[in-house]
Each structure stands twice: as C-alpha cells, then as structure tokens.
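Naming follows writing order (A, B, C and D), and every chain is counted from residue 1.
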Amino acid sequence: MSRDYQFSLEVRYYETDAQGVVHHANYFKYFEIARVEHLRTIGHEYAELERDGVLLVVNKIACTYRLPARFGDTLRISIHTKRARGARIDHEYQVHRDGDLLAEGTSTIACIDREGHVQRLPEYLLIDA
Amino acid sequence: MSRDYQFSLEVRYYETDAQGVVHHANYFKYFEIARVEHLRTIGHEYAELERDGVLLVVNKIACTYRLPARFGDTLRISIHTKRARGARIDHEYQVHRDGDLLAEGTSTIACIDREGHVQRLPEYLLIDA
Amino acid sequence: MSRDYQFSLEVRYYETDAQGVVHHANYFKYFEIARVEHLRTIGHEYAELERDGVLLVVNKIACTYRLPARFGDTLRISIHTKRARGARIDHEYQVHRDGDLLAEGTSTIACIDREGHVQRLPEYLLIDA
Amino acid sequence: MSRDYQFSLEVRYYETDAQGVVHHANYFKYFEIARVEHLRTIGHEYAELERDGVLLVVNKIACTYRLPARFGDTLRISIHTKRARGARIDHEYQVHRDGDLLAEGTSTIACIDREGHVQRLPEYLLIDA
C-alpha cells in the first residue's frame, strides 16, 4: 500500500476571498480531497467505508501558510501517510504551485463507528511504521 | 402566525470573493438562515422538525442581484411566506443595506419524510392564502 | 465558438449537509465551474479576463432540484450558452448522474468594468442568436 | 485593552456535513468571526484596517476536535490574545456547548501591507506580554 499520493487541482473562484487569495479555511477542504483520493488509489471508496460503518473523523488538523494561492492557479497537493495504527491515521500534506511550497499541514484522523465510539481501523488501512 | 420576518446579519470575511464582494452563492445561505429564524419566531425549531421526520428541502430557488455587498456591511434580510399549502411553501426574500435593495429572491420548499417521499406540511405550518 | 460544454465532477464530502445530500447552494458553485471551464474550451481564461478589466458578475441565477446528489456521486454538468449579446450572457445548466436529471438552472451574467459599470462584452464572447 | 472575548453563535444548516455534524473546516470560520468581533470590542473594525492598508493574514492555524457540534446547537466561542508583538498576533480559541468543550484552536496572524510585505502591527494592537 502506497503511503504517498499527489494530484493537481484548480483554484475555484468561490474559494477566494476579498484579499484576492484562497481563503485559509479552504486548504482543509483540499486536504480532505487528498485523503479521499489517496484512499481511492489504494482501492477504497470512502463512501463505501461509511456504508460499512467505518467513519473517519478529524481529531486535529493544522496548516501553515507560506505563499498565497489565487484564482487561476493549478495546485499540486501531496499527501503522505505517516502512521496508521490502532484507531488513528496521521497524515502530512503539502501544497505546491510550480516549484513553490505554498502551504503544509498535518492531521490526525480517528476511526469511529456510527454511534461515535472509537473503533480500530480496518486491517487494510493499517501501516506499521 | 406571522408571514413576515426581518433580521440583520453581518457579512463575514469568508463570504467574500476575489471581486471584493459577497459571493453570489452565499445569498442562498442567508435565505436558509431566514427560513430557520422565521420558523423560530412562530414557535418551531427546524432541528426538532427533522427529529419528528419533517424534512424541508429546497425544490427551486432563485436570486436577482442589484448591488454588491461587502465585508463590514450589515444586511437586513426580509422573508415573506407567500403560500404554505399541501406539501410546499413559497417564500420571497429581500436583502437591504440601509435604504438600498441589494438582492431579492424566491424559493419553493417541499416537505418530505425520511425516505424522501413528499408529505403534507404539518397543520401548524399551513397558511391558507 | 461552441455554445455547449459538458464535464464531470465528483461530489466532495464538504459539499454535503446533515440531510446526507449536496447542499442546494453548492449547485451554484458547480454552475460557476461550468462557466469557467466552458470559457477555457473556447480559448479564454477567466483570470485573464479579469486582469484585462472584464469582470463577469451574476445578475440572476436559479436552480430547480429534482433528485438529491450524494457524496461519492460523479455528476455530469452541462452548460449551454443561450445568448451573449450587449452586456449580458444567458446560460442554461443541467446536472445529471448517469441517466438521471438531478437539477437544472439558468443564469444571466453581466459584464462590468473594475468600477462596477456595465460594459459591452468583448467581441470574442458575443453569440448572435 | 482586553485580551479576551466571548460570544455565542448558532450552528447553521449549511455548516453541517453528511455525518450530521459541523464540518471541521467551519471551525476556522468561527475563529475568524472571533477575531473580527474581538477587534470590534476593542474599538476597531477590520474593514477599516484593510482600508488603511493593514492586512491581517493567517500564518498558521490549528484545531483539535473533542465533541461534534450539530445543527440547532448554540456555541460559545472564546478567544484569547496570547501575544501581539512585532508583526504577529497569537490567539487561542475554545468552542463550548453548555459545559462541554467541543474544540480548541490556536493561530498566528501576520500583519502585511497591500503588496504582501510583512509590516509591524499598528501600536493600538500591540500587547506587551
């Protein structure tokens, strides 16, 4: 199972704010897309996980912003799975435009069931590192 | 039961876009707040309606924009219930800043149950007009 | 110049609401993406138009919802330019999932300059119909 | 100048996602509201700061989530200014519902000018701590 995934996305007009740049809260949406797309590349649809009672929720998340992104930019989003053990997954993210690092982030995702109780990750999501 | 309700809200920074004005899609969020707040003034919490299996969904909605709103603006939102009969409610909306009409809209809301089937509005929401 | 364009997009988790479906306001974001992508297929980047002082703003927009979209759905967005004359463009939109029509919309876009004054559309955007 | 401010806000339907709870990215919007409202209580409108060429941008931000918030909840948002020195302000945030701590966050805000260059905070925003 690959720990890393990269893909491109385009900044949408509705993601910008009155400073003319992508509003900082939208990077957390980019990170969410990254988790979903990464999961897909290793053979799993998050929609199916939820139907099977495997809910992944954000326990903590952070982002540091270095350079602003603008409408019209194509961004390169990278996600790295640092650890997936017990009931949690730790990810790292980077957002580049051409050679420039615009932002980088980290998150811890918890696995819960439909009642909101923490449960172990399914075997196929574990990474022993 | 009053058909009309007005309240003020402030434009939030994250509602603006790179043109420096409130992104047009956010007016539909203002209209949603208006429906929820209006419902409250006539004694009902929408969260409770949903718990009782009464779901209100947007069937159609429209907005015409006359003047832009900006961060820092205080907007006056007006909602008028034109009709509430059978399984649908028709609303009209206006958005003012001081004396100026910035936008106006209309919507038709449908009442459905948890399975998504259309159901009659509860008695207390009907307006015979 | 082609009046029509179609493309696919995926419903993102952050676009859903507590009813488990795409929040109705997000269809207006899909329509915006459609306008930007359509413009690109006819050789223009909206980011460049704005740099040239050609701003396109929504004058009115509407959507009718027939069936809900859910996280995991791939949607087919169609845009049709009905008319582009003087200072305005009229578009029509459809949202399909497989064979099903989920939603359809219309909009009128106005062309303004940086000061917010209405200006004629650039020649290359006109459609004489 | 007070370093602390608290206020209440209501969860909006459009802030929820398909898990039935407030989407995690929206807490960063609550924090933004907190900064704007706090600034107001000490006598400054952020809209005016921007007109004066004083732009505050998020340099880094983080949130830890303990319990989910739902539509219908009234949340108590607390903001604490830890430090405001040179060109940066450090804030801490808490989100409560009744007695329960739902989430807590931190951010570092940088002061820049219209060209994006870092500039010292205006005197009236400094806190020597």
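What we mean here is this: contacts are C-beta pairs under 8 Å (C-beta built on N, C-alpha and C of every residue); 3 or more make two chains touch, one makes a residue touch a chain.
Treat the numbers as computed from the prediction; the structure is a model and nothing was measured.
**Student:** Could you tell me which pair, A-B or B-C, is linked by more C-beta pairs in contact?
**Tutor:** Between A-B and B-C, contacts are more numerous in B-C.
**Student:** Taking mean CA positions as centres, which chain lies farthest from chain A?
**Tutor:** Ranked by distance of C-alpha centres from chain A, the top chain is B.
**Student:** Taking each chain's centre as its mean C-alpha position, how far apart are chain B and chain D in Å?
**Tutor:** Chain B and chain D have C-alpha centres separated by 27 Å.
**Student:** Please tell me the distance, in whole Å, between the geometric centres of chain B and chain C computed from their C-alpha atoms.
**Tutor:** Averaging C-alpha atoms per chain gives centres 23 Å apart.
**Student:** Give, as an integer number of Å, the spacing between the C-alpha centres of chain B and chain A.
**Tutor:** So the centre of chain A lies 33 Å away from the centre of chain B.
**Student:** Hunt down the residues of chain C that sit against at least two other chains at once, touch-wise.
**Tutor:** Chain C, residues with two or more chain partners: 13-14, 18, 25, 29, 32, 50, 70-71.
**Student:** Taking the touch rule as given, give the residues of chain A at its contact with chain B in the complex, in rising order.
**Tutor:** Checking each residue of chain A against chain B gives 13-14, 16-18, 20-21, 23, 25, 70-71.
**Student:** Across the complex, what residues on chain A touch chain D?
**Tutor:** 18-19, 24-26, 28-29, 32, 50, 55, 57-65, 68, 116
**Student:** Would you pull the chain D residues touching chain B in the complex into a rising list?
**Tutor:** Chain D reaches chain B through residues 12-14, 29, 32-33, 36, 45-48, 50, 70-72.
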